[in-house]
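The following blocks contain the structures, represented as structure tokens.
Note that chain A is present in both complexes that follow, paired respectively with chain B and with chain C.
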Partner chain A sequence: MAKSMLIISRRAPGSGPSAREALDIALAGGAFDLPLAMLFMDDGIYQLTPDQAPHHIQQKDLSANLQALPLFGVEDLFACAYSLQERGLDTSHLALPAQPLDDEALRALIARHDLVVTL
Partner chain B sequence: MKFAIALFSPPHSPASRRALRFTEAVLAAGHEVVRLFFYQDGVHSASANIVAPQDETDTAREWQALVAAHQLDGVVCIAAALRRGVLNAEEAARYSREATNLAGGWTLSGLGQLHEAAQLADRLVCFGGD
Partner chain C sequence: MSTLHILSHSPFGDSRFASCLRVLGPGDALLLTGEAVQALRQGSAPRLKLDQLPAQVALFALEEDILARALTDLPNHCTALDYPRFVALCLDYDKVNSWL
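Coming up: the complex of A and B.
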């Protein structure tokens, strides 16, 4: 059986290529039908917020790529509840259905994946 | 044990040196390295054009020597490399760029190679951050 991978994306969408490059790992793995999940934490949370206008800073919009995750079989999307709270956000502010997880649930999530990649 | 080793940090970062020493230790202990995969700013460690000051560690050169000495499968993510100007002759010709700088021993390929290595290995060890 294929090993499962959790990709932890911690960088804001406008802070360089990290957000894009974390997403690309997920999309590449999804294309191979690998069991994958994505966890957004710290400033990575901002990738999930709607109505971004990255063209103002000459950046590409990642929203379409994020929306494509379920099409690539990546349906397990999680958000760190503490990171949301720290930034005054809750799941009603998110454009994607990411499940918020408290610290204990985060530990369990990480523990149940065979592989963890953090960007 | 089989190891896949991924590097995300630039050559001058402590993480890059840790990855290098870790890889050496894995090999010295008789384990197998199924693949090195350089991603994000880690692709710069596959550049042949880095000139380290004489009294500083030249990690890029050490990586190249390690790959050659152990005939390692050294893979550099092509999308991350193109974005950062690490090109082999084929890509330089494809995009009409004047210079090539991918050091010998490295291969440009896709992210599927990271997933394949992670599946084949007993352990995927990633080096990122500082």
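Coming up: the complex of A and C.
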């Protein structure tokens, strides 16, 4: 059986290639039907905010790739509740349905996956 | 001697934002650019700190960075700038301190 992988994405979309690379891993893995979950944490939460318009700062929009996650079979999407709260966001504000998890649930999420990649 | 302080990193993850707020004096100004504009997000912890800035500290932010992140409900005392006004603003202060 394929090993399960948790991808932790903790960088804002405008701050370097990490956000896109984490997303690329998820989409590639999803295309091969690997058991994947994605956790948005710290500034990675900002990837989920709606109505982003990165053309104003000459950057590519990640939101289409994010919306593709469920189509690629990556449906286990989670968001760190603490990161949401300190950034003034809640799940009703998000462009993608991600389930908020408290710290205890985060520990359990990491524990139950075979591999963890943080970008 | 007045100073324009420029923040361009996220208000989370290191102590730049908190340290910068601590050293702002009367007549100084704070300009938020890049990821630092996330500090303006309504309901966030850094926004609360910005709302508590004394009236003598002027607050500016780069408009294109605000637009890119779809930020709304900006503080009343925050002025949005384009790049030409950014350059002009730098000349309004005795010095510029960039928190690189």
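As a convention for this text, the second predicted complex is superposed on the first by the 119 of 119 C-alpha atoms of A that agree within 3 Å, B and C clash if a C-alpha of one lies under 4 Å from a C-alpha of the other, contacts with A are read in each partner's own complex, and residues count from 1 in each chain.
Going forward, contacts are C-beta pairs under 8 Å (C-beta built on N, C-alpha and C of every residue); 3 or more make two chains touch, one makes a residue touch a chain.
Keep in mind that what you see is a predicted model, and the values were worked out from it rather than measured.
A.B. asks: Looking at the superposed three-chain arrangement on chain A, would you call chain B and chain C a clash or a fit?
C.D. replies: Pair status: fit.
A.B. asks: Determine, under the contact definition given at the top, whether A:I110 touches first (chain B), second (chain C), both, or neither.
C.D. replies: A:I110 contacts neither chain B nor chain C.
A.B. asks: Between chain B and chain C, whom does A:T49 touch in the aligned arrangement: first, second, both, or neither?
C.D. replies: A:T49: touches chain C, not chain B.
A.B. asks: Mind working out whether A:D24 is in touch with chain B, chain C, both or neither, as first, second, both or neither?
C.D. replies: After superposition on chain A, A:D24 lies in contact with chain B alone.
A.B. asks: Based on the superposed arrangement, let me know which partner A:Q59 touches: chain B (first), chain C (second), both, or neither?
C.D. replies: In the superposed model, A:Q59 contacts chain C only, not chain B.
A.B. asks: Check whether A:L71 is in contact with chain B, with chain C, with both or with neither, and answer first, second, both or neither.
C.D. replies: neither
A.B. asks: After the two structures are laid over each other on chain A, how near do the C-alpha atoms of chain B and chain C get, in Å?
C.D. replies: The answer is 13 Å, the least C-alpha separation in the overlay.
A.B. asks: Write out the stretch or stretches of chain B touching chain A in their complex.
C.D. replies: 6, 8, 39-40, 79-80, 83, 110-112, 114-115, 118-119, 124, 126, 128
A.B. asks: Spell out the residues on chain A that touch chain B in their complex, using ranges where they run on.
C.D. replies: 2-3, 5, 17-18, 21, 24-25, 28-29, 31-32, 34, 115, 117-119
A.B. asks: Could you please specify the touching residues of chain A with respect to chain C in the complex?
C.D. replies: 12, 14-15, 42-43, 46, 49-57, 59, 86-89
A.B. asks: How about chain C: which of its residues touch chain A in the complex?
C.D. replies: 10, 12-13, 34-35, 38, 41-45, 47, 64-65, 67-70
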